[in-house]
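Alright, structures below, take your time with them.
Below are two complexes that have chain A in common, paired first with chain B and then with chain C.
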Partner chain A sequence: MRIGVVTFPGSLDDGDARRAVRLAGAEPVALWHADADLRGVDAVVLPGGFSYGDYLRCGAIASFAPIMGEVVAGARRGLPVLGICNGFQVLCESHLLPGALVRNDHQKFVCKDQRLRVESTATAWTSAFAAGAEITVPLKNGEGGFVADDETLDRLEGEGRVVFRYLGANPNGSLRGIAGIANERGNVVGLMPHPEHAVEEGYGPGTDGLGLFASVLGAGLAAVGA
Partner chain B sequence: MSAPTAQGARTAGALDTVERAAATPEREQPWAELGLKADEYVRVRDILGRRPTGAELAMYSVMWSEHCSYKSSKVHLRTFGEHLTDEMKKSLMVGIGENAGVVDIGQGWAVTFKVESHNHPSFVEPYQGAATGVGGIIRDIMAMGARPIAVMDSLRFGRVDHPDTARVVPGVVSGVGGYGNCIGLPNIGGEVVFDPSYQGNPLVNALCVGALRHEDLHLANARGAGNLVVLFGARTGGDGIGGVSVLASETFEAGGPSKRPAVQVGDPFQEKVLIECCLELFHAGLVEGIQDLGGAGLSCATSELASAGDGGMLIHLDRVPLRDPSLSPEEILMSESQERMMAVVTPANLDAFLAVARKWDVEAAVLGEVTDGDHLVVQWHGETVVDVPPRTVAHEGPVYERPYARPASQDALQADAPSAGRLPRPSGGRELRATVLRMVASPNLCSRAWVTDQYDRYVLGNTTLATPDDAGVVRVDETTGLGVALSLDGNGRFAKLDPRTGAQLALAEAYRNVATAGARPLAVTDCLNFGSPEDPGVMWQFAEAVRGLAEGCEQLGVPVTGGNVSLYNQTGDRGLDSAVLPTPVIGVLGVLDDVSRRTPSGWREAGRNVYLLGTTREELGGSEWAWAEHGHLGGLPPAVDLEHEALLADVLVNCSRDGLVDAAHDLADGGLAQALVESVLRFGVGARVWLDELCERDGVDPFVALFSESAGRAIVAVPREEEVRFTDMCTARGLAHLRIGVTDTGSEGEEAALDVQGLFTVPVAELRTAHEGTLPAHFGA
Partner chain C sequence: MGRVVIDVMPKPEILDPQGKAVVGALPRLGFDAFTGVRQGKRFELEVDGEVTPEVLEQARAAASTLLSNPVIEDVVSVRAAEEVPA
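Up next, the complex of A and B:
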């Protein structure tokens, strides 16, 4: 399986996402923001970072990059797309996912090992987890507060599209403790925490993050964090 | 390359050309306002055989400043060279003098690392001052051909509860974080210290480490007549010009810019793309020489590149892409706009070079070329405004033999030892328990998480240890696991009591920290932060510290590869009392052949035996206990025994290599008590500790055992099955070792705790509350 990782100017965790793909057993494919070409990949990761410096709203400029036209079209066809941190922000700006990410309520950047509950395993990126699994992956962002209107939040909850929820103290003021969500079809998932930083023993808090990549591989790996 | 160039339409004849300078020798020039001394100005005239033009005056004034020329420190810094042995040179690929030193770490890999200060800008504008400090040191590393792989920062502020500290701390921390996080470099450690001497003079020292293959090493020089000089990166604006605006407003008529902001403004996004662009240029072999633009901007880059090369250089200053088209030639030469680099490129490679720059949306402009002359010539719309021998600007600045003398107050300071009669000491379990809880919550010993949680330590995926571990450890080679460990340490109080010993204690601590993590210490970088060199007492502190450091490095066999001197960290007119504590900050780099062997600072499991390595003497002079509990600073600092430090380090590295210990933690500020508390809090596993044997062996009481800051000590957690091998090794090597406890998760239904038997018990939760509450209470949760 070939999984594309998009590099925008200012992407930072693109190399880490490619490593995670490789460690999960897939072939990472570097995709360039300025090329409107997905190079035939089977799934796409939009990595963390500060695309174009994020001097406008986070992810706002990246959502207009030539490659994003292809990503949006692919997502509508059912291509699995994972947006991590800045990638989640890009997915919201591209209207592939509802809501928005705003400045953390405490106004500071936060980097910590974060416990999460996997609320839905009915997505392309979480099918390898056991229902209700509790996992630990790093969280690191300055604008990670998930917001949406009540109606949208109710719909997300009602349709089982809240995919990850923060456990313990809410780290950034996200409404209803939401850490990640999916689109209706379940092929597009965005989350603020960084599963690609929890894929190797000794380099982050364990290997819980591998579960997302194992899910899209559909390799039938043992359920993670059960 | 379609940037607006500077206004060509200045009043004709206002431009101070070389021709005009020669014709008007009597013209008054603002050399004093630019910071030159009268004799320095005379010397510039002697070198040129005429008065300098405005642009030349600007260049000399900034390049001959203390910051760029090291004119007060140079005579002392030579000491490092005198103490550099052949043995120390073995792993040194590039030594002091280049943008950063380069060290061979084996397997075809090299690392380059350096610490630099950005103290004054961080006081004026904490966020941008700190941010551009990080940005500047990263470009130094890039200029060696390396990929930056991690940063660290050593921060010193005034009193934790002073109103201005509440302005400076959040700004500096978010500036360090804002820049490092946005550029994608993990922050793997450093220091945060509070002391009233830093109130008007915070110290912001930033370190960057980069990795490169041996063949990718690049040096900053301009060789080969006809090769092109290319400026690339951000456009040049009016930031960081400072005093040079005096010139501009004098030389030019109304309509030009007035005073410019003296603090630079950083753009980490621009620097991130500049890093990727540079690395692609290096790998494609498109660069002959490279230089970053930092302090003194184009003045520094052109004069340093030209003087390190084999010819001259011609620069067309009107080709510099500008953010502000009203800038004068002097201002363009002086601007410290960030995120700029200068490369020397062969004409044949130019198109390929520009194509890479375009790919990364990095603006590039060919400013001129290397010439076969021996002068640096700068033209402005065809008229020559600078014509100088570049070495006289970059390397042949004034050198001062500043007078220095041991301050008269030093004897009284050293005589004021924290004896039992002078400072009341806690005794008995109840008092010791309360003291431990107050100490772990004190500003200099409390948890740094409020700071470090604002830094990304994970990006790049190679970080395996970071604060609160003793050293930061990052993997360099993903295939073999080869990696480096770094620690950055200083202790201004020790250096105040005895600068020579203080510098060696800082060196010893950083050296020990790196070894504690399991890495073999290899090389040193230093940032020497002192007060005014015009004060003989400060100069004495400086000279003593440099001597101590140079001798210490020779004894440990680790070379100083580069660093930075920051003087004039002083406010007010109280002489030596207005200066910051003399603060040499020492960075030690070590290597691990396989970072999976690294040793964390806390224990994860119960049932490990806790050993104390080294011996404890009553050494409380300059200690955190004397300061935090009594506001006292006096006596002598702990003794240094570098032979012992080398032995301890060797044992710690062997323990890591052979898997004999699960955890190791160095003893430093706060002594054994602090080390035990930190080891317990790291993973929440408690310990039972007994002090009787230690007190008997070393002839100390429990208070001294817990709070003395004797150097050369560490605690390790040894699995039972390795105990014999471990103790045999210590015995064979002659290293004092004593079992002082055992790790313990607490029995059924009981909370984990630090239990100092016969004296006191503190549950982990209570320790954590005390340790972690202080900084959020002062600076907001």
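Up next, the complex of A and C:
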């Protein structure tokens, strides 16, 4: 399976995302923001970082990059897409996911190992987890507060599209403790914490992050077999 | 040369941590009359020639697609700037 990782100007974690893909047993494919070409990959990761220096709004300018037209079209066809941190912000700005990420309520950058509960295993990126699994991956953001109107939040909860929730104290003011969400189909997932930084013992808080990449490998194989 | 001015503000129900930080700093400098601050954005878009209705229409479209995010922000004003003497 080939998983593309998009590099935008200001992407920071594209290297780690490609490494995570490789450690999970897939082939990482570097994709470039200015190319309207997904190079035939089976899934796409939008990595963390500070695309375009977070100018205008986090992820706003990146969401109009040439490659995003292809990512949006692919996502609508069912292509698995994972947005991590800045990638989550790009997915919200692209309207592939509802809501928005705003500055942390305490106004400080947060960088810590964060416990999360996997609230939904009905997505392309979480199917390998046990329902309700508790995992620990790094969280590092300045603008990670997830917001949406009550109606949208109720719909996300009601449709089982809250995928990850923060455990313990809310680290950034996200409404209802939401750390990650999915689209209706479950092929597009965005989260603020960084699973790609928890894929190898001795480097980061463990290997809980591998589960997301293992999930899409399974989903991809299932799709190929179908 | 014409100019369009666009003001964008965080929605009232969205927490505005920047405004909160500023309102906390004001009384430390003796500015004690202010009970709240909200911080928004002002864009100035330049055009060759004057600001026609078509230019304003394009500016409104840009304001609602790129310059603001309707989930968290309101476009509160799109207007031609006052003529500045050359």
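We adopt the following convention: the second predicted complex is superposed on the first by the 218 of 226 C-alpha atoms of A that agree within 3 Å, B and C clash if a C-alpha of one lies under 4 Å from a C-alpha of the other, contacts with A are read in each partner's own complex, and residues count from 1 in each chain.
Definition applied: a residue touches a chain if its C-beta (ideal position, glycine included) is under 8 Å from a C-beta of that chain, and two chains touch if they have at least 3 such contacts.
Because the structure is a prediction, the values reported are computed rather than measured.
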Larger contact residue set on chain A - chain B or chain C: B
Touching partner for A:Gly49 - first (chain B), second (chain C), both, neither: first
Partner chain in contact with A:Ala100 - chain B first, chain C second, else both or neither: second
Chain A residues contacted in one complex by chain B, in the other by chain C: 106
Complex contact set, residues of chain C against chain A: 14-15, 17-18, 20-21, 66-67, 69, 71-72
Chain B partner contacts - residues on chain A that touch it in the complex: 9-10, 12-13, 15-16, 19, 48-50, 52-55, 106, 108-112, 138, 140, 142, 194, 196-197, 199-200, 202-204
Contacting residues of chain B [partner chain A, same complex]: 174, 177-178, 181-184, 267-270, 272-273, 360-361, 452-464, 475, 478, 595-596, 780-781
Complex interface listing, chain A residues touching chain C: 56-57, 60, 64, 92-93, 98-100, 102-107, 145, 147-149, 173
